[in-house]
Every structure is written in C-alpha cells, then in structure tokens.
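Two complexes are shown next, each including chain A; its partner changes from chain B in the first to chain C in the second.
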Partner chain A sequence: MTGARGSKDLRHLSAQSASVSIGEQTLRPVLGARTWMRFLRSPVVFAYLLLTPAILTMVVVVLYPVLSAIDISFRRVDIYSPGASRGPWTLANYARLLDTTGFWQAVRVSVAYVVIAVVFSLLIGFGTALLLNQRFRGRTLARMLVVLPWSVPPVVAVNVWWWILDPSFGMLNWVLLQLGVIAKPINWIASPTPALAAVSLVTIWKGYPFFVVMLLAGLQAVPQDLYDAGAVDGAGRLAAFQHITLPALRGVLALATLLTVLWVFREFTIIWVLTGGGPVRATETLAIMTYREAFANFRMGFAASIGVVTLLISTVASVFFIRQAGKEFH
Partner chain B sequence: MRRSLERILLYAAVATVVGVLFFPMYWMFNTSLAPQDQLYIYPPKLVHPNATFAAYAKIFRERPIERWLLNSLIVVIFSGLSSLIISVLAGYSLSRYRVGGSAALGYLLLSSRMLPTTLLVIPLFVFMSQLRLINTLWSVVIANVTFIMPFATWMLKGYFDSIPRELEEAAYIDGSSRLGALLRITLPLSAPGVAATALYSAILAWDEYLFARTFLTTNSVWTISVGLGSFRGEYITFWNEVMAASLVGTVPIIAIFLLLEKHLVSGLIAGAVK
Partner chain C sequence: MKSVLTRLLVLCLVIGALSVQGAAAPREIVLRFPSWQQDEPGVSGWWKEQIAAFERARPGVRIEFTKVPLAEHTDKLIAQFAAGQPPQIVHVPAQTFFPFADRGWLEPLDRYLEETDVKKTYHPLQAKECIWKGTTYCVLMLNYGYAWVYNEKILKAAGKSVPRNVEEYIDALKSMTDAKNGQYGIGIVTLPGFNMVAHISVFVYGAGGRWTDDRGNPSVTMPQVAQGFRWWKEVVLAATPIGQESGRLRQLLMEGKVASYNDGPWMQGFALRANPDVKPHLRAAPLPFQATMGGPSNVVAIPKAISDDEKRLVWEFIKSGTTKEAQVRYSVAVGAPAPRQDITIPADMRKDLPFFDVYVDAARRAVSWVPFGLETKANEFIRLVSEHAQRMIVRNEPVERVLQDLQRELEALKRQ
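This part shows the complex of A and B:
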C-alpha cells in the first residue's frame, strides 16, 4: 500500500539529501542560511513540521487533560483545581466505586442500552438497506428520506420523540391503543422500564441510518457475477443471501457495529435531555453517572474514576472485537 | 402476474418503511404549524386545516433564537476552520510520509473516539475556569477541536491517499518546494474532499451539546443545541413551539446534509459517527 511505498521513497530521498548535505559541509563548515533552508526542506523535517500543530493540539487538549483526569481519579478530590494540593494517591475512589450499587446498576443499564440500541439499529438498518437496494422508481428520494435522521441534531431528535411519547397526547400511545397492543396509555418517560425503551428508541432512530449507508455501499460492491453464477447453480434467493450477500458484507457489518457500539456506549445527549438518567436511575449509564457525579454532586475525583473505568471497558472491548474480526478475515 | 404482484409488494414495503422511519420528521413539521388549541386533542391530526406560523413568530419573540443560531454559527466557523487547518497539514503528512511517531499519532487520533466525553469534560471544565473562558464561546470552540480534528485528519488522509503522488514529484522537478506542491497541486485536486470534511465538521460542531451545556451558563451565550435542550422541564409544554424551534435548528443541517450526500460514505467511515 501507500505506506510501504512512502517509506521506500522516503529512504531514497533522505539518503540523497544526506549525501548532499555532507558535500555542503565540506565546502562550508559554518551553518549558514542555506544549510538551514536545506534542513527545513528535508522530507523528514517537513513531515514533522506538518504534524506539529496536530501533535500539540492532541497533547494540550486531549492527552494532558485525560492524564489529569486519571490522576485525580486516584486522589481524594471533590472540586478539583490544578494549583491546589491534591493529597497522596489512593484507591479510595475505585474502592468506593466497586462498593456502590449505583455503579453496578449503571453497568447493567449501559449493557442493556448498548445491546438493545445496537441490535435494533442493525436489524432495521440491514432490512432497509436490502429493501432500498432493489430497483424501483423514486429510489434516490427514498434513500435520502430514510438516511435523513442521521443528520438531525440529537437534541432535536429528543424533542421530537418526547412529543411522540407524550403520555396524554402523544402519537405512539394513540397508535398502540388503536392496535390494541396496550390497554391504557404508557407513561413512557416517568416509569423505569418504558424510560429505557424510550431512550433506546431515540438512539435507534439516530443510529439505523449509519447501517443503511454503510450496507448500501457494501451491497453495491458485491459483484453481480456472483449472483449470476449462483442462479446458474440453482441457488434460490435465500441461498444467495446466505452464501453470497452475507459473507460479502461481513467486513462492513463488523466495522459499522463496532463504531455504533462505541458511539452508543459513550452517548450522553439523548439520555441526559430525555430522562436525565431517571426515573430512579433506570436510564443512568456509566456516561450519565460520570457527568452527574462531576457536575451535579461535585465529586470530580469519584466521577473521574467512573470515567476511567468506562474508558477501560471501551478500550478492552474494541481490542477484543478487532482481534476477533481480524481472525475471521485472515 | 407473479412479477407484477412482486412489484406491488415491493412498493408497499418501501412506502411502509419510509413512512414509519420518516414519520418523526413529518410530525415535527406538522406540529410546528398547529394552532395552540389543536395540540391537546385525541386523535392527533395528521394535517392541520388551519395551519399557522404563529408558533414561529412566538419563539422568535420570546426566546433569543437568533442569538443562539448566531452563537452556533460562530462556534461552527471557528472550531471547523481551526480543525481543518490542523487536519489538512497532519492528514497530508500521514498520507505522504512515514516518520517515527506518525503511526503513534494516527492511533492516538483513532483511539480518541473510545474516550468518554463525560470524562474529558471534567478536566476541560477545570482548565477553562482557570483560563476564565467559562461562559464564552471560546471554551466550546477549543473543546470541539478535541473530537473534530481527529476525525477530519483521518478523512482528509483518505482523500490525499487517492491523489497520485507523481503529480507532486513532477512539481519538485519543476523546482517547486514541498509546501508549494501541497498548496498548489494536492490541495486544489482534493478540494471536493476538503469541502466534504468541512461540511462534516460543521454538522459535528452544530450538533454538539455536552461541552456547550457544561461551559455556557447564561442563556445569551448558549448555542442552538443548548437552547433546544432547555424546553424540557418547563411547566407547560407548547408542542408547536418546541417543534418550530427544533425545526429552525435542524434546517441548516439538512441543507448541509443535502450538499454532502454524495460523500456520506467516506465520511462515515472516517468516523463522523457522533
């Protein structure tokens, strides 16, 4: 790939410039303006100069803040300020974390939320992509309308669903009552299990278009020859789907699922604006608990320890997932 | 006969799926036009015979919506532009050169998406207070760079990878400097990619809620996201007003989305999933 080619080119170029600069040095031993220019023009220096703003930004606004957050997660700090003395390192926050029922509740809610939201986003996204991959009039318009929710601001998605889920005049209760699915209106946001369903519903609505876009792109990359060959061999539609379409989509499916899991696991806005983590913590995920402890209870050290555990979980999960996916493809 | 039955079933399926998935968008539009007395009735009306723009007039009168829109625009422009400049340089370097640490930076940029934003916001809040940036748009501009820059760099690296390097080599032979070749040859050729990245960055910055909600405390400096999230918790909910405001906050994004549609896949893969 380009990487391998790049390094070969680079070696070639830097070898060349090195020999030139040795020649220069024998002529004039003093570092003059021209040597300086030559130094700036060398490919390695140029590459680093281009990277410098990005490296500085990452160090100043991401790496250093995250390291400070990890640091305070090991100290007894409530409202943290950089100058103040922090006391010695301690595992107190983590000990307390493992001891609180709230933490285990948040782990359970996070897992339930991620599983429900991702599975339904995938199923709806997959089904929709297969349907919109058929040839029919108005296909472009249908694709656009279906993918549109992806671009809707999360806060707006919450407002719209909040209205649809309204217990007295909302559309969803009315439809469910008409269909006879429920006997009396559900108070979606004020009761624990429906609230988790409500939060998941909004997340699914924001999440399925990503699968549609990715899978449509994947479906278009499956060569038609495979289907023709399959038809010659007498494969029905189901067999073609199982033996041609699914294997071809594996990579796209794995990538889209991983990215959606990471997104849902860290999701804050949808839950915070719709339920605030309630009622009685029924929708309090690890992300929500971190925020509440830091900015409502002002226990920043404790909040940071929850955040660090969240970071560990998503890192371990992604590494595991990428390993598994890697094993399957090679 | 069987074929035409299949066609009918296909169209029915498409109509159902699109109808259900698009319904919330239609409902937002429909409710925003409802007169006040049509809100609290059952069954809900699918079309309002006396549609009115009264809710739009009222929200602009009673809430600083245009201020919120302007604040969001400022945040989008500044966080988008600064991310884009950094990302063009870094993305080009990652695409063309492999030096010690460039792989590490690439991984760092990718792995920043595993970072819980609710963890990052804690130290950032503290630093912003120290720098006295709380309650200014600068705090949000700086914080937005933490997630826009990593994705923009990867997206742009992908576009630069698709531009043949032979063109730059030809420029070197003609005496062009490295920076000159980037600015005069590669950048103009990747203009569609840069534009797509810019539009994506704009969507991310416009949608951002967590940093803005935490750093901006008075409602005159709120962005539109924070403003739209503030309806929740009010005593009486006038749904037509909530929906009108929400639609006003969505229209700019839909416009960008329509411009962007062609480039959606490459961007989504680069990591615009927020």
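This part shows the complex of A and C:
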C-alpha cells in the first residue's frame, strides 16, 4: 500500500519537476519523468539509496581520515593543526622511511611479533576448540573459562601480566627460581629477546580465545554424516581430521586468521603498556613507531608515511586471506 | 488525543522552566589546569589552597585541577596546543618548556610581570629558564637540587655509614643489595623517559659532565660524561631492580625493599606516607659528587590562544602564588626553598620537614641539567639518551662506543 502511494507521490513530484522555468527560458531536463521513475524503481538503485547513509558515514569516518593521512604523508608536517598550511607535496618522508634503520627494525619486529602471536594463538585455539567440541562433564564451564581472557580489558590484563613478569618482584621469576628452572631472574621486560617473548605471550593469551570461539562454531557446523561416511570408507581419526575437518574449516580458519593478523599487526595497548616499545626498540612495531613519531617526536608527516605503509601491508594480507576464505569446501 | 496534548504541554513546561533557569544562572568560567602534581604529596595541598582562595574571590570562576601523569603530560599538552585547544593554565616541567615558547604558543609575560616584583626577587633561574629570544614566557615554580634519601637501618645493617665520596657511595649501594631476597641498594629508573634521564644526569653531572657545551653543542663524548655513565652502569647492574618507573621505586623505598633513592625535595611528601616500620629510618644526605644535579623544576605559563579575559584571570591566579605569604607556604609544602629569595621560613614551620636543610643546600649547589642548545627538542633528546643508555645495560655495550653513537645522533638532531 505504502509503496504504491509512494510511487504515486513520486510521479506527482516528477511531473511537477519535469520542466523548470528561469525567467523567460524553459529548461527541459535531459531525462523525462518516466525515465527517472524507471531509474528510481530499479532494485539496484533502490538498494544504493538505502545504502547511502552508511556510505556517507564511511566516507566521513573512514575515507576522509585515510585520505588525509595519505595527503600528510607526502608533506613536511611536524605538528598537524587543522586548517594550517601544509606546504608542497614531497617524497621526503618516504625517502627518509626507507633510509631509517628504525623503520626496518620495526618491520622485522612487526613480522616476528605477528608470526609468533598468530601461529601460537591458532595452534592453541585450534587444540582447545577440538577439546571443547568433545562431550565431557563441565564442558559449559570450561568453554566459559576459556573465553575469559578475551573479555578482560587490555589495560587491566597487561597490568596483571606486568606484575607477573616483573623482573625483580614478579611471580613468574619467583616460581621458576623456586623450581630451579632458572639460576637468576630473567629480565622479561628489560632484555630484548625476553621482552618480545613477553609481549607475544600476553598477545597469545588475549588472542587464542577468539580462535576457540570461531573454530568451535565451525566444528559444530560440520555435518556428522561426513564423518560417518568416512568411517564406512575406513578413515581413521587422523584421516578424518585431514580430509574432512580441516577442509571444512578452511573458510573459518582463513577469516579468523585474517582478523587476528590485522589485530596483532595494529596492536598497541599490550606493547605500549608492557614495554613501551623497548628495550632498545626490541618491541617497537610499526604501530608503536607510528605513535612515537606522531605524538612523542611530533613528526606527523613521517608518522603518516609509516601509517600508509602499514595500511598497504594490511591490505595485501587481507586480499590473501579473503581469497583463501572464498574457496568453497566440497 | 487528549493524552498526547497533555504530554506535549508538560514537555513544553519542563523545557520552558529549564530555559528560564538556564537563562537566570550566571555563566561559569572554567579554567582547565592539568598537572602531574594534582595528587603529589605536599605540593598538591598548596595548589588546592591557592585554587580555593582564587575561586572564593571570584564567584563564577572555577579552576578544573586534573591529574595527568608526568610521563604523558608534555605530549598531551603539545597535542592540545596543536589542536588549538590548550588548557588555560599551562604547567610544564622546565626541561620541556622551550618547545612551547619556540612555537609561539605562549603569551609574553613581561607586561604582566611589571605588576609584580618577580624580576627583582626571584632566583636567577627565572631569568635564565623563562626567557626565550628576549621575551619572558613563564614563571618559575621551583628550583631544586637532588639529594640521597636512604634507609638508615638498612645502611647500618650493611655495616656502612653515610658515604663521603663516590667510591663509598657505590660500595654502600652494593652492600645494601641482596637481590635473591628482593632487597636492592637503590632505586634507579631504567624505563625510557624523563625520569630515566634525570637519574642518569645525577651521575653525569656529578662527574662534572654536561649534556651540551657553552655554545649549545652536544658534548656527550667528554670524559666526565663517560665517567658518569660508567658509575651509573655499575650501580644499575649491581644494585637496582631493573625495569621500574619512578612511582614504583618510591613505593619500594616506602616498603623497605629499596634502601635508597636519588630525588628532589618533593620526596619529603612521599616519605611521610612510608610504612610505619620504614618511616622513622628514612634520612636524607647530600649526594657525594663534585656537582649536584638539579636546576629549574617546573614553570607556569599562559597560552596565547585563549581570550583576553581568560588570560587576565590566569595571570591573577599565577600572580597570587608569587606573594611572600604564598611563597613561604609553598616552600613548606615542597620542603625546599621557593624561587622567591627574600623570604625566610619560620622555625616552627620547618619542624615537620626533616630533610629541609639538606634540600636547601642541594638547591644552592645545583647545576641545571637542561640541555641548552637542544632545549626545543627536549622530547627527542630524552628518547635518544634513554635508548642509548639502555644499550649499555641490556646489551652490555661499552660506554664509550655508545656515547659516540649518541653524540652523532644528538648532532643530527641539532641540525634538524
């Protein structure tokens, strides 16, 4: 009813606006009223009309800042003030980026951090999901406990871990010393390799429940018939895992891995609160370097160029994993 | 229909009443005042008294005194200035004041200062620290010198007495350390940042070194700087819990897990909060070096970007802290001499400040550790010194080699 009445109103409006008089001249629109109506009634156009508010919001909230960052990355801007003169375009920031050892160090640290955190989160998450997919007493409680780290606010979690990892008064060193595993305390925060291990450990602890949730949902969607048919064909547990479970979870795995890679790649809170990117830049990822250059050294243009490179790397990773997720399971 | 009309009527009445109330209420002026001293023992009480008196005398004006941790304070202020939204009352550590003055973000104060006797009565650092390119932009809040605050009970248990030279000092710190049982001779900040460089400066300036020479060029390859770093490295590796920041280290001193701490006069306020079994044993002694690190501590200023009315109000607030009476109370609150030189602290007001005389002497002997020549790049200077110093302790790299790298980086920073 409403649609028909709406169409009539639109026709009425279109008929009114079919020609416009300016002084003595009458301008006729290029398209006639009927053509406009047909255009507006098209399902595709209607869909885009509905999407317009969302698209406009995206343009303001996402696209404008990204384009601004790209613009700033090509200019010599130290402290960015809205409306201030930005100077001419230049490649100086990118030239400096490629020439700075700190940047390549940050790339290396970022890659190592992402690989360690994602691989271990995936393995632990997958193993836990397989366990929680079995029937056993207290399964609901176990599922709830496993997801707990995910729900703890990052700053709270990191402060708790800071207390555990404190080199002089931390619980971890105390336990390891009592057990005789180490002879002297390890500087978890203040030595380069242990510091990277420490931030990775906290990231894995925060990140693996996401894999558990995603993969558990995926496991529950695999039809039991496939396992029954496999059993009839003589497939053992390992073969069923390899030929049924893994292919069935490919899409979920790719999606969960993509989201975790992106999350870890831009992770800031855990590293900043735990080590501040130190010691000696041992945990300074691209995200930390961007922040430091922008808000500690106040080289906004240079920081924006690091941000643009980070965006490019994230885009490449996204395309790769989205393609993997798109492959169907037969 | 009737119900809807009734509701609309009620809504209109409520909105109308609120509008009338809003129109009748006088507009409140809020002056934002972010500071790391908002909850600092001693000095925060002085600020709160000043604010209360100011607000009493000016109904409708409110000062919003909020806490920002020292480590984040300067960065946040710079971001606020860049966005054109600075707080009305600008309070910054002296070491990071110059970037604000250099960017033209601060209101020149010379014509305001004519209303006071600050230029005649304040410590010479007021002229040295607050003038940038011939114009005064700030008012000095405190000049200070560092002292050694120690736990006498732990020192005596280690069989040591108050050190009279560097060798005795380092020996005492090592003797008071029992790392396996969580006991350390001294707390030294080893996390990068302002406090880490301040703690390094104790040793560097103590050895006679300077961050920059008389012409403002980096001078970290001078032998005295290397000597200072060697002492610092020896103490850090042997007698301090690694990876701690200043707040935590002060707390460890209050709990008796750290036997001593190098700090400014504000330490007295913290000492009053120590555990009951530790508090009676806390003492202060001069640092046993040839020079005492210190200088200007913090300053207040007015941003250029606020209205003239607000500038006048902020100036009235700053001015109220420069009077003799306010400076006497300030001196007692911080436990050290106030910048105003023509005041004396009555004996009865000093009786609760056991470290006062030590800090008066320290302030008198102090050498400023502001890196003149690099003062407008204070943030990067602090980052570079922190990072290079960390190399000496986490990678055990030789002091001289690291200092050569640091010299190169500081020279490049100066050229930028």
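Operating definition for what follows: the second predicted complex is superposed on the first by the 257 of 330 C-alpha atoms of A that agree within 3 Å, B and C clash if a C-alpha of one lies under 4 Å from a C-alpha of the other, contacts with A are read in each partner's own complex, and residues count from 1 in each chain.
Throughout what follows, contacts are C-beta pairs under 8 Å (C-beta built on N, C-alpha and C of every residue); 3 or more make two chains touch, one makes a residue touch a chain.
In this text, all values refer to a predicted model and were calculated from it rather than measured experimentally.
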Item checked: Touching partner for A:Pro192 - first (chain B), second (chain C), both, neither -> second
Note to self: If we overlay the two complexes on their shared chain A, which of chain B and chain C does A:Leu246 touch? Say first, second, both or neither.
What the structure shows: neither
Check: Between chain B and chain C, which makes contact with more of the residues in chain A?
Finding: B
Note to self: Touch test for A:Phe295: chain B only (first), chain C only (second), both, or neither?
What the structure shows: both
Check: Given the touch rule stated above, what does A:Val115 touch, chain B (first), chain C (second), both, or neither?
Finding: neither
Check: Which partner does A:Val160 reach: the first (chain B), the second (chain C), both, or neither?
Finding: first
Check: Which of the two partners, first being chain B and second being chain C, lies in contact with A:Ser168: first, second, both, or neither?
Finding: both
Next item on the list: Mind working out whether A:Tyr80 is in touch with chain B, chain C, both or neither, as first, second, both or neither?
Entry: both
Next item on the list: Kindly classify A:Ser68 by the partners it touches after superposition: chain B alone (first), chain C alone (second), both, or neither?
Entry: first
Check: Is there a shared patch on chain A that both chain B and chain C touch, and which residues make it up?
Finding: 80-82, 166, 168-169, 295
Next item on the list: Note which residues of chain A are touching chain B in the complex, please.
Entry: 2-3, 6-7, 9-10, 41, 43-44, 46-48, 50-51, 53-55, 57-58, 61-66, 68-69, 72, 80-82, 124, 127-128, 131-132, 134, 136, 138, 142, 144-164, 166, 168-171, 174, 205, 208, 210, 213-214, 217, 255, 259-260, 262-263, 266, 268-269, 272-274, 286-288, 290-291, 294-295, 300, 303-304, 307-308, 310-311, 314-315, 318
Margin query: Please output the residues of chain B touching chain A within their complex, sorted ascending.
Written below: 7, 10-11, 13-14, 17-18, 21-22, 24-25, 27-28, 31, 39-44, 85-87, 89-90, 92-99, 101-102, 105, 108-109, 111-127, 129-130, 142-143, 145-146, 149-150, 153, 161, 165, 177-179, 203, 206-207, 209-210, 213-214, 224-225, 228-229, 231-232, 237, 239, 242-243, 246-247, 249-250, 253-254, 256-258, 261, 264-265, 268-269, 271, 273-274
Next item on the list: Using the touch rule from the top, collect the residues of chain A that touch chain C in their complex.
Entry: 79-82, 166-169, 185, 187, 189-192, 276, 278-281, 292, 295-298
Next item on the list: Report the residues of chain C in contact with chain A in the complex, numbered from low to high.
Entry: 75, 78-79, 81-84, 103, 179, 182, 184, 190-192, 241-244, 257, 379-380, 383, 387, 390-391, 393-395
